[in-house]
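In the part that follows, the structures are each spelled out as structure tokens.
Paired with subunit B in one complex and with subunit C in the other, subunit A is shared by the two complexes that follow.
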Partner chain A sequence: MKASGFPYVIPMLLLSVAFFATPLAVLVGFSFIGPEGLSLHNYARFLGDAFNYRVLINTAKLGLQTIVSTTLLGVPIALLYWHSGKTARQIIIFLTLIPMLTSNVVRTFAWIVILGRQGPISETFVALGLAERPFSLMSTELGLVMAMCQIDLPLIILPLVAILSRIPVTYTEAAQVSGAGPWRILVTVLLPMMLPGLLAGWILVFASTSASFVTQAVIGGARNVYVPQLIYREVGTLFDWPMASAIAVVLLLSTGILLVAMTMISRHRRLVGHA
Partner chain B sequence: MPQASNAAEGRELSVRGLTHSYGGQNAISDISFEIKAGEIVALLGPSGCGKSTVLRAIAGLIQPKSGLIQLGGQDLANVSARARGIGMVFQNYALFPHLTVAENIAYPLACQKVARTERRERVEEMLSLVQLKGFGNRLPRELSGGQQQRVAVARAIAGRPSLLLLDEPFGALDRALRFDLQVELLHLQKTLGITTLIVTHDQEEAQSLAGRLVLMNKGNVEQIDTPMAVYDRPKTLFVNTFIGQANVLHGKVDRLEAEATTIALTNGKALVLPRRLNFTTGSTVTITFRPEDVRLSATPSASALPARLTVSVPLGPTLVHDLLLEDGTNLRASEVRGPSTFIPEPGAQLFAEIDTMRCHAFPSEPEAFRE
Partner chain C sequence: MRNQSENPLPAFLYKAFVFGFGGLSLIYLVAPIVIAITMSFTAGQTLKYPPEGFSLRWYEALLDPLRSSTEQIAAGNSLKIAGLAVLGSLLFAVPATIGMARMRRRSVNTIEPLLLAPLVLPSLVYGLAALIVANFVGFQPSLWLTVVGHVVVFGPLMYRAASVVAQGINPSLAEASTVMGATWVTTLRRVILPLLTPGILAGAFLVFIQSLDNVSVSLFLADAQTTVLPLRMFALIEESLDVRVAAMSGLLIGLTLVVMLVARRVLAPSRQA
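Moving on, here comes the complex of A and B:
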């Protein structure tokens, strides 16, 4: 008789049920508690408010902006890694990982200094004559996207590096011999082959950005409100835990839908073969 | 038979003094050869001999340290890989996995900014040329190895190159399929008249495809000749042992006469070659001969070497005997097998008569021996 591997999965299964599935079920259950028993009251109230809608859209927008900027920065870095020698590759990986090795709070406070009125960005612009007087990027969406971009860059570079290291140079050579120039090779060969890595990175970046409460709260300030802050307000200020649960479920579902959509794209027959 | 009226104009290729090094060590040094327009030449040698480096230099994928590459009289030194108008089939085909067969074949045409309708016509023409009509919408991974190879060939010639380079094009295919595809490629090449250079380590492949062979070893050209000449008149010991099989005996030139040379073999026997060798008396030489130049008999004679039979293997129409000489040297003999051919028992004491007319003599270089 063939031995089943099931017994070996049991510890992991117990752990998942106890620390992941159960709390999630409790959270979802909580969200249905209304003033008169179980109902969709919380959802109706949350989605019925135009302000909340704007916050949801802003959160998605923040995620998309971060995706675009991390992609624009991450793709060249990943390509640089691909072309580099052994030592340079190690340096690139190390520099990429630094944001992940720093504490979230330290990182966020560093950005307060960088984005502030006396910060290097403002001073450089003034010194170059590009700005008339010092300015602060704190409490702006631009400043927040910049900070998010630094924090989430590894999430897009690492999948790209993983996928690029499996792409042999003969593909670009074949394109070269066929008569393709550098830009054509990038657009018709490298980017399509990198797409599975990009999709993986985009999912990670979006999930990370839309849930990063500390950075959003500190750098975004009171003027830029995102879904995690709404949840925090319900939990910490209004003590309306069922409402907080409902918002959390909405956030989870909207991120989840995006994730499913991207996974479906990555199952496209043109993308499966080389992923 | 698909028409090939718009066949590419094959151009002659000339490589002179090509030298390249990786990290200080010369990978190839002073490689020179010519390919006439429309000719097929194979660059043959063991792996690591630098043949791929030569190919990559011709394709423009590496910048050689020195040397001249001319295609149709034009110096390629300052022509980038994309502008050389060369078609290339890569070792693992390098078909773009995210593009369909038709899109792969159309790739060089898109680079040449060929109009869409013309591109579609050319792709259809290529597909029927490599007998893959109806496969245009498949992805490369949905094809078999042999079909992928044909797509790679179609992509390489779609852009009407004046030179076709093939890097171990049959290496990834199984033996049975290889021969069919070789014949097909040969036919295609003849129809198109395209100048072709094949890099391979497989001597059978090289011999069945190429009109001339460029034999390479350790970054140098050893011999350039037709497959038959390379087999019959090898210029170096390497060529002799690399192409086909060869028995190797060592000895010293003992006596030189007008029409004969006596070699004192290391095993104490003597071998008389019926011609005067270009060596001085006393110089150490290596004598080689093919298995088919050895005749075995059960009775001793003056010039025969005594040998003990290890094993006899029938390989289709031939019978191959492995023997051991008295001093432990291996000897291989082969004969055409007939219905009455006597198959001796292993361990039998036999006498090997060597056809001294067809022996080759090379100066001894102890490090060059293969066995």
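Moving on, here comes the complex of A and C:
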């Protein structure tokens, strides 16, 4: 029995149980506190409200839109990495890490500049005659998706690059020698191998969009409301903690179900196909 | 013998797709950072882009203790919290990595998900849960409560970074040290910790950056006196679109770049070994 390491783990384990698991359990308990004792009152009130329901749908929609757009931009970057030499590969990694490690508030601020009435997009459109007057993409869903896509892009690039860096060039060379064109190699060799990385990336992106409070609040504006803002409103202005807890549990459950589903798909794929 | 050379068009289109579209996507990824940096040197009063002339006036405004005392205090608070969060995660996560590396695979597989769980949970939800419990026990939001929250949420980053290295350490090195008569303290200090250093540094870097950037935990756990930098920036953005935010962004991007370059220098040689 080789258990001599366990004492070293105890402090972090205690920290996890006392300061992480316990608060979560209390949060779940709190969500059942209604006006007359324990009940599903908060859940019924939250899900019964048409506005809240729409917010929940919008949050899921924002997550899916971000997943699609990050995939559309992330896969070409991963392919660029695949076809690059050693130095270019290092540069691509560096360029991916800089935005990833830059503060979220800073990236959100950059998008305020870009999307604003006096920003580069509006100025370019006016200069090219595509728009008559300067316009702002702030407080629009399109602007928010553009920003979220850039902010979460590294989360999908890094898992893809991690996979591609381990694949020997001989794999595609074999396909090439057998007479496959580049598109065919992409569809039959590269994309299937990238699939586990894509699934890992999608999970990270979805988890990130369902929690990026600042970007949603600042760029989405008052017209586009998402679940994290609802939670903050219940706590910060309405002081209804049981209600906030119930919304938090709904957020956790809905993201949790999606994440489990995605993980199961990725396991299944791996069993059926490659690797 | 290359068959696709018979028809050059698909090959050309593929190259155009990868290098053209891939390159554009890469620009899309980096451009906002460049825009934030260049914006910070504007001479103008607004966030008009391209900026109107070059000046350092917004950086000067930021360093002026009269005009920007709130921002300076917020930066100080954030640095203090991030530093303490790194210290806290060192104390809890590093022993855990050392212990886990000595345990059986099966026990590791049972305990590890529990230790890593905070990374998966939206931290806004955790902030709320921690606020409810702290209030229940009788603690008011404060700087120290924020530090505890950050250690719980970001400590796992330190654990993960250090455990990647710890898994790779040959257990016979520690055994050899013990056989030669070293006490466990000496083995820890002279053998294990030096080998773990790259992982610990990487972990410290991640915890520091994440803590400095965190809004969702600090939002609930920091009191009114303890303004943190990202929340102060958030407030400035919401209230007035003050151009000083551009200078703050410039400083934060600069800090990230410096730390990244230092990390590359420190970590690169030991990775090759």
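One rule holds in what follows: the second predicted complex is superposed on the first by the 259 of 275 C-alpha atoms of A that agree within 3 Å, B and C clash if a C-alpha of one lies under 4 Å from a C-alpha of the other, contacts with A are read in each partner's own complex, and residues count from 1 in each chain.
We take it that a residue touches a chain if its C-beta (ideal position, glycine included) is under 8 Å from a C-beta of that chain, and two chains touch if they have at least 3 such contacts.
Predicted, not measured: the structure shown is a model, and the values here were computed from it.
Go through the superposed model and pick first if A:F32 touches only subunit B, second if only subunit C, both, or neither.
neither
For A:F135, using the defined touch cut-off, is the partner it touches subunit B, subunit C, both, or neither? Pick first, second, both or neither.
neither
Among the partners subunit B and subunit C, which is in contact with a greater number of residues of subunit A?
C
Check the residue A:P168 against both partner chains and state whether it touches subunit B (first), subunit C (second), both, or neither.
first
For A:G179, select first, second, both or neither according to whether it touches subunit B, subunit C, the two together, or no partner.
A:G179: touches subunit B and subunit C.
Once the structures are superposed on A, label A:Y43 by its partner contacts, choosing first (subunit B), second (subunit C), both or neither.
A:Y43 sits against neither subunit B nor subunit C.
Looking at A:V189 after the superposition, I want to know if it touches subunit B, subunit C, both of them or none. Which is it: first, second, both, neither?
A:V189 contacts subunit B only, not subunit C.
Could you look at A:F125 and tell me whether it touches subunit B, subunit C, both or neither (first, second, both, neither)?
In the superposition, A:F125 touches no partner, neither subunit B nor subunit C.
Both subunit B and subunit C touch subunit A; at which residues?
Common interface on subunit A, subunit B vs subunit C: 176-177, 179-181.
For the complex, give me every residue of subunit A touching subunit C.
The touching residues are 2-9, 11-13, 15-17, 19-24, 26-27, 30, 73-74, 76-77, 79-80, 83, 92, 94-99, 101-114, 116, 118-120, 123, 150, 153-154, 157, 176-177, 179-183, 186, 207, 210-211, 213-214, 217-218, 228, 231-232, 235, 241, 244-245, 248, 251-252, 255, 259.
For the complex, give me every residue of subunit A touching subunit B.
168, 170-171, 173-181, 184, 188-189, 192-193, 195, 269-271, 273-274
Which residues of subunit B touch subunit A in the complex?
Listed in rising order, the residues of subunit B that touch subunit A are 59-61, 81-88, 90-92, 94-99, 107-108, 110-112, 139-141, 155, 159.
Spell out the part of subunit C that touches subunit A in their complex, as residue ranges.
Within the complex, subunit C touches subunit A at residues 1-4, 7, 10-11, 13-15, 17-19, 21-23, 25-26, 28-33, 35-36, 39, 46-50, 91-93, 95-96, 98-104, 107, 111, 114-115, 117-118, 120-126, 128-133, 136, 148, 151-152, 155, 159, 209, 212-213, 215-216, 219-220, 230, 233-234, 237-238, 241, 245-246, 248-249, 252-253, 256-257, 259-260.
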